[in-house]
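Order of writing sets the labels: A, B, C and D. Residues in every chain begin at 1.
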Amino acid sequence: MDVLYFAWVRERIGLPRETVHSEAATVMELVKELRAREDRYAAAFADVSALRVAVDQQLTEFDASLDGVREVAFFPPMTGG
Amino acid sequence: MDVLYFAWVRERIGLPRETVHSEAATVMELVKELRAREDRYAAAFADVSALRVAVDQQLTEFDASLDGVREVAFFPPMTGG
Amino acid sequence: MRIVVQEAPFDLGAEAALFAKGCTESGAIVTFTGIVRDVAGGLETMEIEHYPGMTEAALAGIAQEAMTRWALEDALVIHRHGALAPHEMIMMVATAAPHRKDAFEAAEFLMDYLKSRAPFWKREVTSQRAEWVAAKDADEDALKRW
Amino acid sequence: MRIVVQEAPFDLGAEAALFAKGCTESGAIVTFTGIVRDVAGGLETMEIEHYPGMTEAALAGIAQEAMTRWALEDALVIHRHGALAPHEMIMMVATAAPHRKDAFEAAEFLMDYLKSRAPFWKREVTSQRAEWVAAKDADEDALKRW
């Protein structure tokens, strides 16, 4: 699936998007896999309460299922308007 | 002093403005004098709770003093906006 | 602070742009525009009577009160009088503030006060009859929240 | 209902006039415009990042929710992204309704949701540093009233 990063999450990880092959059943499982990869991921995902997640472009929670999902995006709380 | 009428008060009395010589001390005393004049005044001032009054172009109450006042206006509740 | 009372139409787009251009410290601009509605059907004209002299003073007083109560950079009130056709714009207010909450609240305050405390009276004229618009209890009640 | 996400500036006056022109059943039109403020001093650009695809869907969802909750004739949302200078307009919303209460509430609802639920992120760039704008608790709290 495609994993997207925005704002300081993008900066910390150092790329805006990547394709990830994962068997993770939930967003949180995916986060744990990403954290284990490298320090920059561990740093970006250190505190998920500071993050928001969208699955297939819909805001959701970290316990959301990844079944059939094509796109997951991680980013800080939004600051539009 | 000048006495002004607006909206249906103006229509009922039949004129927009007139000069009134009165010794009335308060708005309510002036209303009583006007009521006593003719039926059209009595009709216009029958129920002062349906009216509003401005003294020298400031909204006020019917017990307001007329001491030194140049202009009194009677009208229904306003419907601007 | 600009207060305009006029019979002629005004240009919402031009007024909004002009107002915004004059605001250099604000993060939030709110405009409200009131339009003649033909609620019952058959409305030919909405006649708006006002009290020249007092109208301008009352609007300026209401706008000054808004400037005092909220952290506004500027406020604008435009109100027309005379005979208006359905869908014509009657009036507009605009507020500019550092924060959106102030701009919104001040605009609502201006509208609530302008509805019930500025000397305007509306009369609806159809081919059948002409009738003064009655003040709504809800409009008087709206003042209580401020 | 029109949703626009663009890098280019928009023309508040032209957009407000166009929106009003399209509304034939409304008595009340509210617009809100957000402008880049230089709060701390020294702001060179406000960079706005967004999530193409999701942004449009999120704004449309929020506007649709407003249309459902209030008796709106129409709603408009315009939001820019990219690098903006101080005093540039970032975004606007407009609402049209028969009554002013609906138009005001819906515009405030749109703003509150757009602040915290549309995928935009602001970064303030000065000559010294570049810093992501932190979400405010007050903005998250503002959602609770709806």
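Definition applied: a residue touches a chain if its C-beta (ideal position, glycine included) is under 8 Å from a C-beta of that chain, and two chains touch if they have at least 3 such contacts.
Nothing here was measured: the structure is a model prediction, and the numbers come from that model.
Chemist: Among the other chains, which touch chain A and chain C together?
Modeler: D
Chemist: Report, in whole Å, the distance between the mean C-alpha point of chain C and the mean C-alpha point of chain D.
Modeler: 23
Chemist: Could you tell me the distance, in whole angstrom, between the mean C-alpha positions of chain B and chain D?
Modeler: Whole-Å distance between the two chain centres: 48.
Chemist: Which residues belonging to chain A are in contact with no fewer than two other chains?
Modeler: In chain A, residues 81 touch at least two other chains, as defined above.
Chemist: Of all the residues in chain D, which ones touch at least 2 other chains?
Modeler: Residues 34, 100, 111 of chain D each touch two or more of the other chains.
Chemist: Which chains touch, pair by pair?
Modeler: Applying the touch criterion to every chain pair yields A-D, B-C, C-D.
Chemist: Which bits of chain D are touching chain A when the two form their complex?
Modeler: Listed in rising order, the residues are 34, 48-51, 53-54, 57-58, 79, 90-91, 111, 114-123, 132-135, 139-140.
Chemist: Note which residues of chain A are touching chain D in the complex, please.
Modeler: Chain A residues touching chain D: 4, 6-8, 10, 54, 57-59, 73, 75-81.
Chemist: Under the touch definition given earlier, write down the residues of chain D that touch chain C in their complex.
Modeler: 11-18, 20, 23-37, 87, 89, 98, 100, 103-104, 107-108, 111
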